[in-house]
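Notes follow the structure.
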Amino acid sequence: MDKLRQKAKELLSNNEVQIVVGYEEGTAGKARPAFISSPDQADTLIYDERCIHNLAVYLTQHKLPNNTKIAIVASFPVMKSIITLASEKQLDENFINVIGISKDNNLIEFKDFADIERYINQQDLSFTPEEQALIDKIDAMSMEERWEYWQNEFSRCFKCYACRSACPMCYCTLCITDFNQPQWVSVPSHKLGNFEWHINRAMHLAGRCIGCDECSRACPLDLPINLLTKKLSMDIQKQFGYSAGQSLTEPYALSTYKPDDKETFIR
Amino acid sequence: MNEFEPKVVAFVCNWCTYAGADLTGTSRIKYAPNVKIIRFPCTGRIDFMLILKAFAKGADGIIISGCHPNDCHYTSGNFHAKRRWMVFRTMLDFLGVDVNRITFSWVSAAEGARWAEIVNTTVDGIKKLGPYDNYRKMVNEETEVNNG
Amino acid sequence: MARIGVFVCHCGENISATVDCGKVAQVTSDIPGVVVSVDYKYMCSDPGQTMIKEYIEKKKLTGVVVAACSPRMHEPTFRRACGEAGLNPFLCEMANVREHCSWVHDKNDVTTDKAIDIVRTLVEKVKRNEPLMPIKVPVTKTALVIGGGVAGIQSALDIANCGHKVIMVEKDPSIGGHMSQLSETFPTLDCSQCILTPRMVEVAQHPNITLYTYAEVESLDGFIGNFKVKIRKKAKSLDEKLCTGCGLCCTKCPVKNIPSEFDQGLSNRRAIYVPFPQAVPNKPVIDKEHCTYYIKGKCKVCEIVCPTKAIRFDQEDEIIEVEVGALVLATGFDIKRADFFPEYGFGKYKDVIDGLQFERIASASGPTLGEIRRPSDGQIPKKIVFLACAGSRDPAKGIEYCSKICCMYTAKHAILYKHKVHDGTAYIFYMDIRAAGKNYDEFTRRAIEEDGAKYIRGRVSRIYERDGKLIVVGVDTLMNAKTVEIEADMVVLATAGIASPGAEELAQKLHVSYDQHKFFAEAHPKLKPVETNTAGIFLAGACQNVKDIPESVAQASGAAVKVCGLFSNDELTRDPSVAVVNRTAPPLFSTCVGCFLCQSVCPYQAIEKEEIKSRDGKILKTIAFVNPSVCQGCGTCVALCRSKSIDILGYTHKQVYAEVEALLNTL
Amino acid sequence: MKLGFYPGCSLEGMSREYSDSVVALAKRFDIELVQIPDWNCCGATAAHNLNKELSLSLPARNLALAEKEGFTDVVVPCAACYSRFSTTHHELMHNHDLRHRINEVMEMEYKGTINTLNVIQFIDKYIIDKIEEKIVNKFNYKAACYYGCLLVRPNNILGFDRTEDPQTMDVVMRKIGADSIDWAFKTECCGAGLSVSATNTVARLSGKIVDDAEHRGAEVIIVACPMCHSNLDMRRSEINKYLGKKVTTPVIYITQALGLAVGISEKELGFNRHFVPVNFPKKAEIEKKAEVKTQIEEVNNG
């Protein structure tokens, strides 16, 4: 923790960056995102198991004046997000200083994104048994049961779009839900509208979701919407051997193809 | 009581399946009138949302058809489409949408008879499945909400 | 407010037989935005078109829907008509109520209702159509001709003589193709080489023609008027500038036993060789497979004897990149070897040969210098049997189609044989004599009546050798199906013509479609016989299906005219239905967020980066840009874009969405 | 090991030696051929000319019976029976309704688990690999393998060997030391059923076959079909009349040839039942002795 504060201090004091994005003590014993712009504030920075928010989401908010250099406290999901965003030309290496945090809470120095890419690929990237179990549970249901299950879940959604705002990959400046010519997603938060929104969300994140689960964490109603993208990630990994957040150069799973992609349903 | 006549929308590519359906016509091969065709330049153009919209507007079944692999007029549109359908289908299935109501097929410009066969088998299949009430229920709730 | 006109065509009775056109017109007239809806017997007829034009002016129409046949049939017709009436052609759509409705359903209300729905759908679409301006693209006035057979030669010369540049690519060391192998040609019996070789020389010397022999097309990019082609020039191991074609090397090469491709294996060639004496260019190539130096690393006899020191063992394949505006495919055909007929013993018995081999034997430049001598022992065959349809019209063993040229060349063979072996007898087993063509039937009659060729209508079941004779067992179906046995000295099989081996691969390289027999497919069987469905690529000769010389030459000239037509304008207009990235007011500029995931989707590399700069040149935003002259309008990028920032003109989100809605609201 | 066995009428009658040699050969390789209980006529050439359902029901019943017995491989030495069995199996497997109908007709069910083997397939599957160690007398004669019509046709149903230029018999014969000649009449018609009704036609057709074989120096003609055998062997006098010369080339079943090679006695193989006396050139004797001697030595040595 001290190392982290130390690092932040020096970055700010010798003006390598103008702002450090990290975590600080929040209310009710929660950690919350912190935006440190001067060395003397750096001591409010913390890092522990409560610091779970995917801070990468702040990197695409275009709120900062141009040429502001940012340092970001990057847990593993944040690193993956950064790689994905970089592969989608959303980040400029020269303006972002990544303060990596290893699984055992030590600082990691990265000289560039490629360095992060290397680090990520050394880690265990497989889905956890817990994740698998959640998916299997739903896969095991009958079609009717699945339908009922999700209808039920979606019926509670009231379209606050917290899932959208919390996701680093949802960075469109004008989201499809904001269109009405044509009205791709029905506006009201009734079953159909919610259903269409969540399918859109999942499909737009298909193969791009890095699995930080921020969406369901952000959801005030705790809808398990992270399962939608997780399911697709698993499927895409199985079918095309691609997973998001692991490569700066590899083409996105859905903007490429192999002639011998195996499907079973096309007549 | 008269038999249930499903509503089926076909999204087809201009170069293979649309031409194939033309050939069905020129060969005077009869098929079920339940299917109505919307023409696209390529299966690669077909947006997954259109399928949802079709269901939302009351379709009981959907056909998506384009060129056989390697025959795409744009060389790779159908390959990209194929990948997307693989993913989208997984999504729908995971959400409990009845994927048996969606027929994906490759029908070339020379396969007039095959088009008729695809249409008829699809329509028969949907007849067995009956009207897509689940989706209707979800949609009707919309109108309720809208009306107050 | 939209003002749409709906025009329902009866197409004689093709539509009105099952669809109540009057009702369609009457019902659709109630669709909001429709100001006129009429039906007429023949919309595509002159009065029909005139009616549409009049309504456009009278009713100030903003859109037209023609409910008739498939847009693939008459869309251009009606769009032109609209254009002439001052309405942007792209504000006209066709509702396909013939191919997709009247022809495939029975006469009843359901069919009529479907027709109405189809029209309604297109009305909703056309309401959202926008006027489009055709895209102009420049034309590179150079043609690439692939294949140096008679068809390729004809096309190349025709195009070159119109003053355009031509590049010819031939995979063999010499141009000339199959025709250069033939002895005489039907129905006039003039010597093939005598009429062809001057044309070959003309190609070589023509100022507008660049000739690449021993070369193949590596890849093709771009589009009509602007193709980029990579040509692989295989190493000849020879400096062609230095070589004088003296041929000394070919006489000194120690490897003597390579069966000559040109003589169909009836004679041998060396490892360094010129395929035939009249070859163009008349310069040797080294066959690396057989050359001792390339195999063992020593020999180099040719290099030693070469007076001009032209041999280059270290020469490597060369990739040449050219830009052309159009392509002519003239890759020709091949013959199906008869060894899939074990009962005919082709390959087992030396004296059972195929038609092309007989051409070589009968040819003055052939291995026997034109004397009819059989391969096994050089004897002059006194009894010779010709088998027509040895593979053609035979779904079980060969190919189902008719190879078309065999009847004629078999008759020719019989005549040639009789002219050279006066005391010999020629038998011909046949299914039918198909001699349709100018002076063709007369020719076969001549074979029968003047030269006494014995035609036997029936198939041959087996050929076997006994005491140096070939026993041909067949049936004479006209002689109450009696079995006939002929003790022949030589048998000639008129084997089937098939697509050339590389055809499929080439077709995939060039994105032209091909039929189940791997022959290149024409764009329309009747109305577009020389076009392929890829704009700017044309067909000449037997690569489309087996053809005789007159047909090949005719089609070759046809293709040439198509190319010259294309080259007659400095720029050509292209279908404006291409993808565009939307632009909005600052500070957004566009809903595109510049993730560029669309870039790798595009089959044509049409998507580029566009930097939106402020006045002082500061980059405000980087977004995608679709190059309209490269984009082919497939729309694969459109479906991928999450923020729906790309749209495709003619199939916009608004349009297709409206179609789905209209179609279902009424279903 | 036990395999199903369908003799059919010929092997019970005029070509009993074929049956005997098949069974004896099998026995030599510890295979017991068990007759399908209560088997009936295969329909042969008559039925399918008259009534399709009948022509399918007859073999189908045999197949069903074999299935009931739990056989999977059934050996059918007669080429005609083999053809009917295979055709029936093919038709029933490719036409569900027809299968249903036929099952009704015969009041039994055929599921389609039976694999019909003709003699060559049988040899190929169970014997050929083991034969070399069992050879006592090399069968070193010039042999003309005659396949006839039904063994390899129709190709699309049997998918067995090359229709116009079959090879499987030749391969087997070479294995036991024969020099199988290349000749033209392997699959030419022998006259088949005309044997009785139009003997002169058979004399002509079979005549050509025998003549060509002899002409090419064949010392023996090898067959795998009772019909072929009777025409080439039983009708030899008529053949010789037609040819106007005496052709003595014997005609034996492939199983008899193999039988000899593995040392089954001529009596057991029923050579005595042939019309054309089966005696081979002397050279065989010598080599045979030599063979046996080496055999004995081998035994002594190890």
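Residue numbering begins at 1 within each chain, and the chains themselves are lettered A, B, C and D in the order written.
We adopt the following convention: a contact is a pair of C-beta atoms (placed from the backbone, for glycine too) under 8 Å apart; a residue touches a chain by one contact, two chains touch by 3 or more.
Bear in mind that the values here come from a model prediction, so they are computed numbers and not experimental data.
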Let me spell it out: compute each chain's centre from its C-alpha atoms, then which one is farthest from chain D's centre? A
With contacts counted as defined, which of the two, A-B or A-C, has more C-beta pairs across the interface? A-B
Distance from chain D to chain A - Cα centre to Cα centre, in angstrom: 74
Roughly how far is chain A from chain B, going centre to centre by Cα mean, in whole Å? 34
Cα-centroid distance, chain B relative to chain D, in whole angstrom: 57
Roughly how many whole angstrom separate the Cα centroids of chain A and chain C? 51
Listed in rising order, chain D residues that touch 2 or more other chains are none
Each of the following residues of chain A touches two or more other chains, namely 184, 254-256
Residues of chain B that touch two or more other chains sit at 48, 53, 70, 76, 80, 84
State the interface residues of chain D toward chain C in the complex, per the touch definition above. 162, 164-165, 183-185, 188, 212, 215
Across the complex, what residues on chain C touch chain D? 341-343, 462, 464-466, 471
Chain B partner contacts - residues on chain A that touch it in the complex: 138-139, 141, 143-151, 184, 186, 188, 190-193, 195-196, 199-200, 202-203, 206-207, 228, 231-232, 235-236, 239-240, 253-259, 261, 263, 265-267
So, in the complex, the side of chain A touching chain C is made of residues 88-90, 171-176, 179, 181-182, 184, 204, 251-252, 254-256
Using the touch definition up top, name the residues of chain C that touch chain B in the complex. 70-73, 96, 98-101, 103-106, 110-111, 114, 117-118, 121, 508, 511, 513, 533, 577, 601, 603-604, 632-636, 638-640, 648, 650-651, 653, 656-657, 659-661, 663-665, 667
